[in-house]
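Just dropping this structure here.
Chain lettering (A, B and C) follows the sequence in which the chains are written, and residue indices restart at 1 in each chain.
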């Protein structure tokens, strides 16, 4: 079965939903969203906690509430939503191969594609934790789905590895459902999650946080029985003799998210090894013309509000592309300077920046009293002060078009330096 | 009353049961776990060795070469993944080249075909990514890779399809000679059989000792592995060994039939016959040795670590013989490497040994091999359309990483030995073997099993009995 | 002087609250932080979220939240109230699931259409 669409959006999570709605608003007529789950909403459906929407809606919403707003919005557009549908392949010429139980195997031709597949969780095997391989080891997100969507308890005595937001949220969730969370164990000397979550998920429930520690052994025949937690040195190597034994039946792993880019790779789209997502332009276009990316599949976000903005940009650009107006023009590279791990976008066509360019980046450590400087060689384009920066808190700045126009070189550099006199 | 009871349903036991099921015999398969292929069969290098390693004149040597010759055809008939990719044993200095030459000589004696000694340039031509300090290699074009648990499951399913009775969850506790037959107490079952075959892997000595005088002791040797992401699957195109030491064949680097890269094993004493824990030291050993052969192996692309236990004994040969003192009792024991490679030949040999001690084997007129149903991901477009027409559930992808559909899982549930656990589905269909390691598909497979067997979600196991996934429900009042 | 991390928004400002000086707050990034700092030391409250049993919906559980913040000490009792709730689909965002949590006047409400 072959069908043509103006825009095909892959994924109906917050990224896909925002992109599709905006594409429709900007004039794309035949828009399809393909979603592999039975419902739209993506990961937000299982994020029953609040903290979403403070920027975008100026309200504090739970995940399902935030997703619900966009699901409702989508319902009012003419966008076609195919649920329970897996996209198995895409090609550079914008053919989408998808499959479901009613249509069978579909070959869809798209004027533009928006990649919004989100991310997956890093597993035990990926970090090579020694020990047995009993049941009771879950990634935090997988456990969250069991607990929140279907009401299953995954364990009674829990050790959480990783103090990123998902681990912290699940520490609280398991406690509220009657489990005993014995510890949250974090490899780094600082937590990767939002500080508010340390307070309302660990401190509120007296769950100890072990910084600079990691799990060095999992013991258990058929089900987890114990874990060994060791302190680590400045090179993150376990210190012999520092072992603590925990009697537990469950390990929740919150050890990293990886953008889900199998489809992106099969379309031979250039991937940034620092983000594990596609290299994108200011309009979220990838290295393949007419294929755009947004949300966690491009880089893992902390706030869904930023995902929405970014995805609307992608959707609008996808619509423009499908309608024949392609964004081309001279390219500025965006470089990550001192203290910066990566930036999104990685490339800018300034002719297509309207008033300002939204730029995201992350720092590589915890810093205080710093200055973000956007540089054109040695000359400074703009700067922003920050009291507190951390790797777990993605930064967002807006670089005005008028300043981009002043750039004489072929690149701009985003750099973070100590404040003068600080 | 059964003619034969085969104890242990790994690749050896299942192979023997399958072989016996070709004849007019009643066969019992007795397995302690809740599924077949749960022991060493599912935790090894998955290599079909060419046969130059074993000492000439040993059963190992003869059966390795014979089994290796039989493997391709067997796998084709059962639709088990098999790829003849050849192997290289690398030498980095002259003393190791001597070893290579010795292996070559041994291989010729054992009847291995196609062996060649390669100089440095030829070796690097075959495998450009290898450590350029390589001095030469033994090239064995007949070496292959296979799906070991897939093979065992297909053999077991064939046996059951042809009348063998499978007893799962049946650990053997006693074997009594009761005058012309054996009474076997296995879990809740009392099984009577005239002949017994002991294929109990790392517990083979215990099983022997239930019926006969102890004459061998299993000394379990652990082998730990890295399994790397498919993006590493093309790092080498042959199975790469380093010259062996006294401890064994050493760490190898090999593509797998699923497209991953496997790196390992170590060879360290296990603390017991079931000690499959992976250790930090073991993983470090693998890293050191593997990177010697090919520095581009990226162990950070690990998706899984696992360990298997070899059923080693003091003697360096299979114990494949009628028991010296127990009548009508055959040991198929101490089947460590090259056990998998030899398994098709071991099966035939075991049947011949049984015949030798009086078992009458009359070939059946009708014997049907169980062909593993083709997986959606391996089908052509045309085959997919047909499959979808027959069962629209081929349109629901359950495992995204490995493109396994609900139709595939349904086909497995309809087989002679359906999966009962999430890992049972994994071993038959591949769901959960990918880079997310079941993060996406695990809960979905879990639910499918719960519905298929009409049991509550809490009763579905991850793998073996006792490996429960859930502890209850939320909002149950008091969850602790 | 107590160090308190503000949890009102994801910024997580590091506040300092002086109990001996009428709970004066410094280190806030916005006015909400002042209120939070004072309250956290005298009468800490939280919004909490959970799920309840659901019949006839696409899933077996419906997500819920406290419509406003409730005293921290009441959290276990508030959670206990959910154990006996059995919702029936259809449920709308904002539907009251438990009208009054322990006399606070704050209800548990549904946060998803199911």
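Structural remarks
We take it that a contact is a pair of C-beta atoms (placed from the backbone, for glycine too) under 8 Å apart; a residue touches a chain by one contact, two chains touch by 3 or more.
Being a predicted model, the structure only gives us computed values, none of them experimental.
Of all chains present, the one whose mean CA position sits nearest the global mean of protein CA atoms is A.
When chain pairs are compared by contacting C-beta pairs, A-B ranks highest.
One finds 39 Å separating the Cα centroids of chain A and chain B. Spacing of chain A relative to chain C, judged by their CA centroids, is 26 angstrom.
One finds 53 Å separating the Cα centroids of chain B and chain C. Multi-chain contact residues of chain B, defined as those touching 2 or more other chains: 474-476. Counting only residues that touch two or more partner chains, chain A has 147, 150-151, 177. Among all residues of chain C, those that touch two or more other chains are 51, 53, 61.
For chain A in complex with chain B, the touching residues are 36, 84, 86, 88, 99-105, 120-121, 123-126, 128, 130-136, 139, 141-142, 145-147, 150-156, 177-180, 216-217, 219, 221-223, 238, 249, 262. Interface residues of chain B, counted against chain A in their complex, comprise 226-227, 276-280, 282-283, 299, 302-306, 381, 384-385, 388, 392-393, 395-397, 400-401, 403, 435-437, 439-440, 442-443, 457-458, 461-476, 478-480. Residues of chain A touching chain C in their complex: 38-39, 45, 48-51, 54, 60-65, 68, 147-151, 176-177, 194-196, 198-200, 204, 302-303, 388, 393.
Those residues of chain B that touch chain C in the shared complex are 474-477.
Chain contact summary for the complex, chain C toward chain A: residues 5-10, 12, 14, 46-51, 53, 58-61, 63-65, 72, 75, 79, 93, 111-113.
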